[in-house]
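Look at the two complexes coming up: chain A is in both, with chain B in one and chain C in the other.
Up next, the complex of A and B:
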């Protein structure tokens, strides 16, 4: 039994490797992406400086200019890290019919794609997230804590990746019924960037929108790891709260996405592609 | 010995939306409940023994791919029973996957962005192939097609022929019991086709793998299959050895004639001459109903079913009527027989 378990892990890593190589293959996209990040940071910097300059107080909605800047840059870095074209790739597989070949592998499609996405996200983490983090760390005058919070943040980031993947898979299911990959991917990106607080921090949302968002999985993807990283009170109960929130969403999203996916595949296998 | 593939009264129906024309029609289609039922596969019965190479033939849209998809478990049959290696492929697709290999000629199961050897390594982990089997197979592949040269090549940079070759190797890598090849030689040049046929044949012999092959290239069939199954409009119309195929659909042979005094450069005149000859032969041998004539460069071809009229008799009869300068007799090819079957039913 022990032998089998080990090789299953090895199998997963071999899938991760496909993602890493795949992501590294697009060298051009890589540097453009990095440049895009820097432009984004600059734009966010001037935009929010103007907003804060127009405000009579230094603290708006409980956040200082520095807080807002750090939050937005890092939220966007997480968005870019997790945005590895999952929906687009799956939709493409469905439309081209290549999905049939993956369904004929002795590994569940979920694992094939998740393994691959993990690899791509690792590459994005190193080449996109870490540079953003370093830039904002020095730009903000080294106010981010460096300590145990980094460990919790990393755990949070891993769970965020799982939740994000499941969420993307749910969206990809629509592709079985519609015929546009690009549209679905764009729609998804708009919803995610807005509701996750990657453009405007959730603290700035009106109350009714805050309530709606609190019932959605996005805070578990973006807000939870960021609060663990940036939060002032480093009590373990705070970490516990956010981790539990993430575990909760992870279980829900895993269940929902697998259910939806298996149902969609069944529709394909009964009515043909 | 038990059959490794067993299809018992298998049928598949699809629900198809009746689409309307134009923009208004397309809008209507969004809400339409106007479906019709299409019988893609109708009551198919096949049993295949381990180690057989079976050609699965039929014109475009005959239901070949649908049947293959049912055999691999990606489509659920509407009725009937499918058993591959003793299991129902639809119910236990992932379990069955370890025992089958698939090649779809126009798609690749390899990773586009990866060098070939990395794709093989991933497959090794996916199928839990042990080191011994993996190394032995790679060594064998290398002896057969010298695949080592391609190890570091990215799959997306390969030519279609190289890719197909590698796809076939990938399908055989985990020593599957059954391999499904869906048009493996599509779009390949003559020498690549020959190489791929040779490879399939050798792998089948060495590993006793059952191979199901669909193709439109009769060269594939002649080179690989001892047995063929023909399906048309979802119905199975033939299941027997390839030798019996010719007997089954009549003993056709082609008599090629060169007539003196004809202007060979004038195609119209040649056609008329062929037509005339067909006329006089049919007048003399009214039982030869399926006799056809054609023009092939300088030759006039008469295709004769020898069960209706003997070729020798027709030849001696014609020898009296027209001036024949040269003669050739041709056995009809599998291709022409199959063509005849498709056309007759169309």
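Up next, the complex of A and C:
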């Protein structure tokens, strides 16, 4: 029994290694990605500085300029870290027919893709997220606490990537029915960036939108880790709340994505028979 | 010996374009659901940009002295200005892949202008939604702005739109042309297009260094903000909106030269 477990884990890590190698092959892409994030930080720094300068109050919806800046930069950094073209790659595989090869493997398709994505996310974390974090840490005047919240944040990030993966997979299922790569991926990205608080923090949403968002997995992916990181004097009960929220959404998204996936694979049609 | 001169006039090129256009359309339409989903994706993409904007203005009233309707006006201008690039020059996005595959050499082997041939190979129909949403938004914000309407204003706007779109095309051309010289051409193009997200902010939010950068080096200022000054702040009598015209021409010519230089230099992948 112990031998079987070891080989499964070994298989998972070998997939992760594939993902890392695949990601590192496009090293230039990561530096460009980081450059894009730096441009984003510059743009929103100036934008929100101007917005708050024209505002009659310093604190709007409970957030100051610094709070908003930190939240936006980190939410965006999480998005860029988790957005490893999961939907696009699966759709591409469906179009080219390569997906049959992966479906025939003895490991469940989810694990194959997730293993690979983990590898890519790890590289993204080091080359994209960490630099962004360092930049915003110093740009905001080192107001972010460095302590046990980092540990909880990291756990939150890991869980967020699982939830995000399942969410992406639900969208990828639509690629079985339509033949669209770009359309589905763009649709997903627009919805996620808007409702995740990466364009404007959730605190600024109108109440009716806040309610809608609370029924979606996005707060568990983006808001939960960020609240664990940025909250002042967070008690363990607060950490517990957010972690439980993430576990809850992890279970739901796993179930939904598996259901959708099984249904979609049965309806598989490939170009050219 | 009489050499038959091949007249490479406008009519010839229009004829070629029409053929390639119809071919492209037929291919797209055969993937019916992809066609529809892509159209929807484009609409959602533009609407979510507007939605993000509106969310900001749900909580704040002005940004650097510009209110919601003025910035929506600028955004609408940009959406219309980017349509020619989106529709006619969309093949730039495939350039990096065709270079790497070696397929690009085909364009060099045909006896017509490489740039023209390459660009006419792809027409992005979903770009038409940028135009539709842009015009609707323009009308909406124009009505809400209370600045009145005159034919002169409209003519000014059309002229500025034309030359602004030349600048946009130029930027994308130059970014795509980097694929002739560097390996990460596609990434550079993606990076450059990310600047489009920032065209609806007033350039005045930036400090002098970035203002200069975003006005002349990566001229997002001329994609919306500066041209609209002619309509939104006519009392300033600023020269900036009218700089759009010469700059549009200059940038386009420079990018065209860069693109064709790279294309000529391309030796294929050695087969």
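Please note the rule applied: the second predicted complex is superposed on the first by the 268 of 273 C-alpha atoms of A that agree within 3 Å, B and C clash if a C-alpha of one lies under 4 Å from a C-alpha of the other, contacts with A are read in each partner's own complex, and residues count from 1 in each chain.
To be clear about the criterion, a contact is a pair of C-beta atoms (placed from the backbone, for glycine too) under 8 Å apart; a residue touches a chain by one contact, two chains touch by 3 or more.
As the structure is a computational prediction, the values presented were derived from the model and not from experiment.
S.K.: Per the contact definition in the header, classify A:137: touching chain B only (first), chain C only (second), both, or neither.
M.R.: neither
S.K.: For A:15 in the superposed arrangement: first (chain B), second (chain C), both or neither?
M.R.: It touches chain B, and chain C stays clear.
S.K.: Could you say whether A:183 touches chain B, chain C, both of them, or neither, answering first, second, both or neither?
M.R.: A:183 contacts chain C only, not chain B.
S.K.: Tell me the contact category for A:60 with respect to chain B and chain C: first, second, both or neither.
M.R.: second
S.K.: Just chain B (first), just chain C (second), both, or neither: which does A:127 touch?
M.R.: In the superposed model, A:127 contacts neither chain B nor chain C.
S.K.: Once chain A of both complexes is superposed, is A:241 in touch with chain B (first), chain C (second), both, or neither?
M.R.: neither
S.K.: Regarding the shared-chain residue A:107, is it in contact with chain B (first), chain C (second), both, or neither?
M.R.: Only chain B; A:107 stays clear of chain C.
S.K.: Touching A:49, do we find chain B (first), chain C (second), both, or neither?
M.R.: Once the two structures are laid over each other on A, A:49 reaches chain C alone.
S.K.: Looking only at contacts as defined up top, I'd like to know whether chain B or chain C touches more of chain A.
M.R.: C
S.K.: Sort out for me which residues of chain B touch chain A in the complex.
M.R.: For chain B paired with chain A, touching residues are 14-15, 40, 66, 69, 72-76, 90, 93-95, 97-98, 100, 102, 104, 107-109, 111, 113-114, 118, 121-122, 124-128.
S.K.: Quick one: in the complex, what on chain A touches chain B?
M.R.: Counting only chain A, the residues touching chain B are 7, 10-11, 13-15, 17-18, 21-22, 25, 96-98, 100-108, 268-272.
S.K.: Looking at the complex, which residues from chain A come into contact with chain C?
M.R.: Contacts found on chain A: 26, 28-29, 32-33, 35-36, 39-40, 42-43, 46-47, 49-51, 54-55, 60-61, 177-184, 186-187, 190-191, 193-194, 199-200, 204-206, 209.
S.K.: Could you please specify the touching residues of chain C with respect to chain A in the complex?
M.R.: Touch residues, chain C against chain A: 31, 33-34, 36-42, 44-45, 48, 51-52, 55-56, 58-65, 182-184, 187-188, 190-191, 194-195, 197-198, 201-202, 204-207, 210.
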